[in-house]
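Shared chain: chain A. Partners: chain B in the first complex, chain C in the second.
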Partner chain A sequence: MTRWYVRHRMTIAGAAFVLPALAVIALFFLYPAIQSFRLSVTDWNGISPDYRFVGLDNFREVIEAPQFKRMLSNTLFLIVLYVPVLNAIALLLAVVIYDVGRLANFYKVVLYLPNILSMVVVGVIWKVIYNPVFGPLAYLFEKLGKPDWVQDWIGQTATVMPALSLSIVWYAVGFYLLIYLGGLSTVPKEIYESAEMDGVGWRRQLLSLTLPMIAQSVTINVVLSIIGILTIFDLPFILTGGGPGFASQTMAISVYIYAFKSMQQGHAMALAVILTVITMIVALALLTALRRKEVTDE
Partner chain B sequence: MNSLRTARTSRLRKPKRLANVVMLAITLFYLLPFWYIANNAIKNADEISTHPFTLTLKSITLDNLRRAYAMLHFPTAFLNSLILLVLSLALLVSLGSLAAYGIVIPRSRFMNRLYTLLVALISVPFQITIVPLVGLLKQLGLINSFLGVAFVYAAMYLPFVIFLYVGFMRTIPRELAESSQIDGSGMLRTYLLIYMPLLKSITGIVMIVRGVSVWNDLLAPLVVLYRNSMYTLPIQLYVFSSSKIGQWDLVFGGTLLVCLPITVFFLLMQRSFVKGIMAGGIKG
Partner chain C sequence: MAAKRSKTMAVVAMSGLLGTVLYGCGGNNGENGNAAESPSGSAPASGASASQEPAKEEKVTLTVSLMSSDWIDAAQEIMDRFTEKYPNIKVDFSQVPNDTNAEYLQPKAAANSLPDFMTIDGGTFGAQLADNGLLVDLSDTAAANNTIEGLKPVFTSSTGKLFGIAGGLSTTLIFYNKQLFEKAGIAELPQNWEQFLAVCEKLKAAGITPLIVAGADGTVNNTVWSNGFATNVIGKDPDAVKKIAEGTFNFNTPEYADIYGKFKTLFDKDYLIKGVTSLQYSQANDEFLQGKAAMSFSGVWLAGTMLSSDFGTGVMMPPWNVEGQERVPVVATETGFAVAEGKHKDAALKLLDFMINDEGFYIYQNKKGNVPMTVNPDPAKVKIDPLVTSYIDDLKSYSKTGPLWFEFLPSEVQATLVQTFQRVLTGELTPEQAAEFTQTTYEQAMKK
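Moving on, here comes the complex of A and B:
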């Protein structure tokens, strides 16, 4: 016993330091998270101490609800289109800004500016921008002589997801840009000089030099942007509220509506479980796939 | 040789000029919404729709701002946001750095496993906790309490904060801690007197990055704070903008007021912001 204590003395002392943080995480994050999994198979209403087991009823009702299919296709849209486009734009901007010269810092600051605003502010700004009656976009299109382009971009089922995504890209790209710039700053400059000497074009430099060298940043950004987009709430909630109809409904918004608007706690928890499982599977799968790439490319 | 060099630099300079032109166009696209909001916030209501992008001296008015200021209950909301920010950052920095210290110093397998587990939590969506969390806060008497929201943020962001602190603490030579321990000062003193001063810059990064997310967040206060007098700036703007649809002069005024403090702060601290985000990425 005393030997064990002596050997693990440091770990025990360390544990005392970890404990306060661990207690807060356990009580306010882990415990409610586990409760959600447990209670998603009951008819608990969020308040009363009594509840009974209802099996997978909540899950079945959530999946059979009319908006579920739409939510799935929106999730797919965000993973397959939004994430690659966002990362491509951020990477291209980073490569351009990296050796653009004196104005680099100005560009960084401007592109990061939306990111420090509340998503409520960003949502209100884009709501105004897209307003078809007097919004600035409509005004510009009128001036340019393109009245066909004056449309209710966020009020139409066909255009709401791209329009919403554009506003999120405007908001988010600065963050991912800075992470790519951080990655680029670790790449030795000589590589580019010798590539330049050998007459390698910029497109090939980007694809077969830069990209493998900053594979770590790519991994971070792809995983972070997946988690970010699947759980984003404030901005779409303000801008479209999931509408028109269910056209831009995401699981993150729907969980809130189930829990606090229609007071269907069981449905909220079942959907939160589905969202969590999807997010973690996609994030984990991409992490493993990209990490493997990092190793072989090095 | 000389001619070769000039040929190369001229070839390099040309795309650079092109790059600057493209970047300036993108910058314009980024700044236009800001200009649009700002100039309309201080313009007569009836001129907003007739010329939305131009501002003449004659049409300037502070009336929108004044009315929005009153309707947002700006001073109260600002103070509420500030209280919440201070509480949350105090919890995040103290608990986060302590925990990281406890993880790094022992160099044991147990602590490394615990650390991996904590980092994995970063990818768990907040939504999974939301329903039982509100019930739990009610039981603990933490509904309608800034401390309640601060605990929610602490639990949500601590894994990331610990992750940042651990990354930087591992770069501090351990001899430093060991030698001070021989001198008879305990682990807590080593943490306070040696580690924390060395970690000043990372503490700054944590406060800036997480401070901005706490200051701007809508969801957590929305589900925990029900009393009007406790509303934070984002909630006030949300309520205000959804009830004042059509009265755009007021919406612009309110939006500008809510943006202003954090934008000024960002412009003053821009170097730390840029450095902080980039460093966070490299360490990961």
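Moving on, here comes the complex of A and C:
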């Protein structure tokens, strides 16, 4: 026994340290995930203790529902438009702020400020901003003598997604900016000095030096922003409720509607499982692709 | 003063009468509509005896959730007065945003942790909670005894449990801004759809936005949908509600499509306030009170707020009937109150008693200015605007009435209505396609 302990004590100590974290993960993530999967093949309504096994019917019905295609296209829209735009803005701001010197901290605070607000509050703020009757945007257009520009930004199919994206970018940019600033702080200054001596311009430095050197930050930000956008709920729910119709419905909003409005927990869980699988596939694919491009110490 | 008092007496008596109408019009979840005959297992009566024994009991903290955005001050005052009366009971009060009550309660129900006292709507959701043993059967309580019989069926589950006490008698109406009507030269109120469109056109020509409807939440269902359903469907087939419950109803008809069609007409003619598809209840009410439009399609539940405007508010029955068509008003129940099964049941029943039979009722009713749900309220303490009194009085003349949407529609259909309206307004669906979509949703719901 003693000899066995001596031989494995490092393993045992390691396991003991990891165990509390594993227990929390198992209890609050793994168990609910398994339960969700179990309930996704039932017709549970969320209240009754009784439910039946329905096989894959919920998955089929969720996929055949008219909003499913719309959800996928909305999600794709956000990934294609929001992720690159958000990361480009965050990166550019990070580079500018990194070089700005004395006022850097002020700008960091200002840009990070929306992030400390609850997404619900942000949703309410933007709802007021976009209000075509008494919102500040409408007021501004009226004052500029352009009343025709006043639109129901979040009530029209054509404008709701860009309007939603703008509010998300405003909310999230500070967070991603900080990660880029962290990445920038690891880049040795001498590289820029020698590049400048060689006459390399600002844009070339950004593309050929900065970006490869902070590739790890890019990886983190791209993966986090994609996971964030795939699972986003609070802000669009408050701002648009997924409407008009299904025009801004995300998968997470649809999970909520199935679960708590139409009392179809089985459908909600089925969609949640689909969302989890999609998120995992996308995140893993991106991680693999971006890791290959990272500059390592080796 | 005496005249005012007698009018109040009249409306109190009217509410009893209308209650009977409502009882007959359907919306019942079960066949056993008579709460007095419900099976046993009900909670002990809290009644007068409860109010006489306030002290010497163990200290409890009651969790209370109320959907009270338009009577928040009154709700807080009720809780304060209640805890003054029962010092051993502490109240942990949460306000639930409008139109999210079921969403708030459902996960709590799944975790068996419902608030001890809560607001609840009549209809399928509350009935399911009751049938799963989560809500107290209130049949034998003093609160139930003091409630108009006609308001009980939609709060009665299929197994005969009275799971809630209605917060009042409800009906839809259109509030209008008297100043703006005068400015547009409108002297007579419209009596049918064609006249209503003419009034809207006149207002629009005068540079006034004719109508506000919150199109992004359940308000549009309370108003446009429920009125359309009453006029177009109940008017033609009084058994429609029963057929819906049985699974034999057909939504895919021109009459039903016209419910969406009328809203689309108002939208296309620019009679609705800008931003209608993203407009929510509280914003809509604010906009009307700020004079941004001449009319607001709402209900008697907002009388206290809307009639206290500076510009002078009038009320009219929604003229959703085309010329020659029978007018069928909506007469239904207001969001009510329920008590959860659990260790604080007795204390929660005391709060229910306070809300229905005691001081709490008058604080609530005076703020809302709505039609009381109680059998014998003190006319001297009830506060109802004479406009509401006369409106309710007018309802007597209608032989048919319709319920509110949440009282009888399957939850799957309920969940899609707002989106369907929005899809019609944005041109994604025609009214006919919307009717077809509702029918498909209904069929899928009934299959289960």
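Here, the second predicted complex is superposed on the first by the 273 of 298 C-alpha atoms of A that agree within 3 Å, B and C clash if a C-alpha of one lies under 4 Å from a C-alpha of the other, contacts with A are read in each partner's own complex, and residues count from 1 in each chain.
Simple rule for what comes next: a contact is a pair of C-beta atoms (placed from the backbone, for glycine too) under 8 Å apart; a residue touches a chain by one contact, two chains touch by 3 or more.
From a predicted model like this one, the values you see are computed outputs, not experimental measurements.
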item: When chain B and chain C are modelled together on chain A, clash or fit; value: clash
item: Which of chain B and chain C A:212 touches, first, second, both or neither; value: neither
item: Per-residue touch tally on chain A - higher for chain B or for chain C; value: B
item: Touched partner set for A:121, first chain B, second chain C, both or neither; value: first
item: Which of chain B and chain C A:228 touches, first, second, both or neither; value: neither
item: Which superposed partner A:162 touches (first chain B, second chain C, both, neither); value: neither
item: First (chain B), second (chain C), both or neither touched by A:252; value: first
item: Partner chain in contact with A:260 - chain B first, chain C second, else both or neither; value: both
item: Touched partner set for A:134, first chain B, second chain C, both or neither; value: both
item: Which superposed partner A:47 touches (first chain B, second chain C, both, neither); value: both
item: Clashing chain B stretch [against chain C; choices 238-246, 256-264 or 274-282]; value: 238-246
item: Those residues of chain A which chain B touches in one complex and chain C touches in the other; value: 46-47, 127, 134, 256, 259-260
item: Partner chain C, residues of chain A touching it in the complex; value: 43, 45-49, 61, 66, 127, 130-134, 150, 152, 154-157, 240-247, 256-257, 259-264
item: In the complex, chain B residues that touch chain A; value: 8, 15-16, 19-20, 22-24, 26-27, 30-34, 36-37, 48-49, 52-53, 91, 95-96, 98-99, 101-103, 105-108, 110-111, 114, 118, 121-136, 138, 151-152, 154-156, 158-159, 162, 187, 191, 212, 215-219, 223, 233-234, 237-238, 241, 248, 251-252, 255, 258-259, 262-263, 266-267, 270, 273-274, 277-282, 284
item: Sites on chain C touched by chain A in the complex; value: 102-103, 106-107, 109-110, 125, 128-129, 132, 134, 215-217, 273-279, 283, 287, 290, 292, 411-412, 414-416, 418-420, 422-423, 425-426, 428-429, 437, 444, 448
item: Partner chain B, residues of chain A touching it in the complex; value: 8, 10-11, 13-22, 24-25, 27-33, 35-37, 39, 46-47, 93, 96-97, 99-101, 103, 105-114, 116-121, 124-129, 134, 136, 139, 170, 175, 178-183, 185-186, 196, 202, 216-217, 220-221, 223, 227, 230-231, 233-234, 237-238, 251-252, 255-256, 259-260, 265, 268-269, 272-273, 275-276, 279-280, 283-284
